[in-house]
Amino acid sequence: MKNYFSVNDIDSVSNWISEANDLKKNPGAHSELGKNKTLGLLFFNPSLRTRLSTQKAALNLGMNVMVMNFTGEGWALEFDDGTVMDQGASEHIKEAAQVISQYCDILAIRAFATLENKDDDYNEKVLKGFIKYASIPILNMESATGHPLQALTDAITINQFQAKKRPKVVLSWAPHPKALPQAVANSFAAIAQRLEVDFVVTHPKGYELQDEIVGASNIEYDQDKALKDADFVYVKNWSSYQQYGKILETDMSWRISQEKIAATNKAKVMHCLPVRRNVVIDDAVLDSESSIVIEQANNRTFAAQLVLQKLLKANCQE
Amino acid sequence: MKNYFSVNDIDSVSNWISEANDLKKNPGAHSELGKNKTLGLLFFNPSLRTRLSTQKAALNLGMNVMVMNFTGEGWALEFDDGTVMDQGASEHIKEAAQVISQYCDILAIRAFATLENKDDDYNEKVLKGFIKYASIPILNMESATGHPLQALTDAITINQFQAKKRPKVVLSWAPHPKALPQAVANSFAAIAQRLEVDFVVTHPKGYELQDEIVGASNIEYDQDKALKDADFVYVKNWSSYQQYGKILETDMSWRISQEKIAATNKAKVMHCLPVRRNVVIDDAVLDSESSIVIEQANNRTFAAQLVLQKLLKANCQE
Amino acid sequence: MKNYFSVNDIDSVSNWISEANDLKKNPGAHSELGKNKTLGLLFFNPSLRTRLSTQKAALNLGMNVMVMNFTGEGWALEFDDGTVMDQGASEHIKEAAQVISQYCDILAIRAFATLENKDDDYNEKVLKGFIKYASIPILNMESATGHPLQALTDAITINQFQAKKRPKVVLSWAPHPKALPQAVANSFAAIAQRLEVDFVVTHPKGYELQDEIVGASNIEYDQDKALKDADFVYVKNWSSYQQYGKILETDMSWRISQEKIAATNKAKVMHCLPVRRNVVIDDAVLDSESSIVIEQANNRTFAAQLVLQKLLKANCQE
């Protein structure tokens, strides 16, 4: 594995889950692996869980960490080729990626979708730019179209809480006051289809994710039907992919309430966080035993640590 | 000690001073205590001394440190229960505190008074919210109503410089162009009353600190009378508690000048810093041997280290 | 060496180059030297290469690093003496420098020219203020008038790529949409004159650097004449020193194109980065084998490490 760019970089989801479970029992077992290796964290967007859990994972491996918030501490980058750079951007990604590669052993990057230009976002201008020009492994800390560290976390969490061999897993859209990227939903849908689960996505019409990721067979537009007998409900808002970046629906009845959970098979409720209470999920649900969002967030550390271990082993051994 | 929230968490001020003095002689003596332990630093406000001295203290103990500036690197938190979170805040403290607790062993937080809502500030919405929901020890790096790391530093500093058994210690208000919180004055007044000193507070009428903290007997409205025979003058501006957050007085004659110090018993001048020269204290005083503000700032490291050691020993031993 | 403020602090450029080359072969050779020593990095301006390479250098030496972005995480400092500080600045450099000296072993500072006040800039108000009041070594990470870590890097890079005993080195001004400081050009010109090279500076009239630094004999106003037979072309924009901070020339024909390089002796092209492509240097040049800007940036780590080693050895041994 050269980079961890998407869930497609996971060769065996079940093996990775099993390795992450081992690692969770003994996080310090490989504290020599990262010695004298440096992880660079580049943030083009805010971050809490990813910022702290990825650092924690690196520390567990004995790595050094250098954090850079690109906006604020740095300057605007240019991503297009051939531009006459007489406007806002001071540096081209060609130089930035090559240079940073010389100071770090692994480079983790967060760069959200802009939701302004579908092509730029779905071509992964920023992450693919770094992958193209960097000479070290790139770790995706949420890009325009995916959040594979979160998806690996989610797979670990479903495994941790599943009570039956083949649970029903529902990804449910929920309302939100702001237009959000599809990244988390994309990566969760992609990994869910590789798990031994019955996977259903439910959302209002117009919120279909990219065809290649979900496929028509998994969509149920009636949320009540979708939630019936669910063992896991993964709640997440996203903006429209078709009418790119638009909010098409504000119907608060899509909000996850106790009544909706009552109709499931005592489903466990998941969310990547941050979650807006009483907009996306009700207090009554989040404060009940149905919610496993805190345990889910805890698994972020071990997902990140597993990926860092694999990147170190594959790329950074002398 | 579960948390270090206020000076009330100090069981014996004299013992702590003595332990801090030992530690100052050999800061690396406990460099194994914090091994594989992680201190999270959360800043909701700017910081220089606290930021650097608390990190340094953690490094002296062999701890890892992760710093997060909540504004800028993160997003707005919601602190009230039951809110429909469809406005600015993206995450509730319930989730934030529980999640961060899983990535760190101790969590240090700075969250100043807003000076807009006395109840919110004096109920310590932010710090008490974290204490309520976090599962790890919380260390106060200045909250709405108190700055107990500073107060412990101040006690250590008075002990270091006191020339007589029972010195006279005066906390003097001074003018300032901006409305400042009462936190430093509150914590200093609280700890000063537990020291073997004669403690007097002087300020213009209307600047009384919260009753429970100071008590009428310690107030002297005439600054000249208060300063007479003082061995230590602790200078600090704060805004009105009664007319909450207001600036009631701009009389520059409250400024600490050489003339005022001349009327004391060769008093040592203290200030928590940053200090506005020639507004709060004159150049002539700060640049004289009367001033011990630099030595005082040095003690910040050892106050923080002592508190971290105690939190580690009480909460983080396997 | 008490501080590394300018290239004048380098006692022997050739020895330093040779030491840096040794260190580059084995960056971890002195990983115990910085043990229990703390490097503070203070940024008054954005930084990418300097931020990361200086941290990396410190990590190679086993040092702890504390980073502080003064704007954003801190507050405005006052640098003038005797000011009544009732305006924007909350803290005087006298206190800041003395206090930070107590938390760190070496303090690295970036503070660009404001380009508003020539005297303030060329008196190095910020860096010289820290040097005056700090009690620990100060490392210049680019100040108003110089960037000596860059210049040392540049000397190492010329040595690495020189094919003849006495190469011709040309510092060429190039256009830029923003007014930039003279710091990089100043330090490069200063160090180039201490190398065994034929050194020429070329720029439009009005862009003369400070007399003491370059001297009239090295200036050639005709860029084509200057570039003829050049072995190295160091490209950099700067604003006018005489008409301080002004942009006097926007003639794009000064841009470094393949045609211009064709007229040299297959010159290697250098730039401190970030570089605006197709404004300062053309894509065709940067993407050709002529460009050594990436290798040059790599040497930043070893220049910083060499300087840190020297500061540690001279100042921080118990």
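Each chain carries a letter (A, B and C) given by its place in the written order, and its residues are counted from 1.
In this section, a contact is a pair of C-beta atoms (placed from the backbone, for glycine too) under 8 Å apart; a residue touches a chain by one contact, two chains touch by 3 or more.
Being a predicted model, the structure only gives us computed values, none of them experimental.
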item: Overall pattern in which the protein chains touch one another (line/ring/star/complete/other); value: complete
item: Relative orientation of copies chain A and chain C, as a Cα rotation angle in degrees, nearest 5; value: 120
item: Between chain B and chain A, distance of the C-alpha-averaged centres to the nearest whole Å; value: 39
item: Per-residue overlap in chain C, given as positions that touch at least 2 other chains; value: 72
item: In the complex with chain B, residue positions of chain C that touch it; value: 36, 38, 40, 64, 66, 68, 72-75, 78, 81-87, 89-92, 94-96, 98-100, 102-104
item: Chain A - residues contacting chain B, complex; value: 28, 31, 43, 46-49, 51-53, 55-56, 59, 69, 72, 177, 273-279, 283, 286-287, 293-294, 297-298, 301
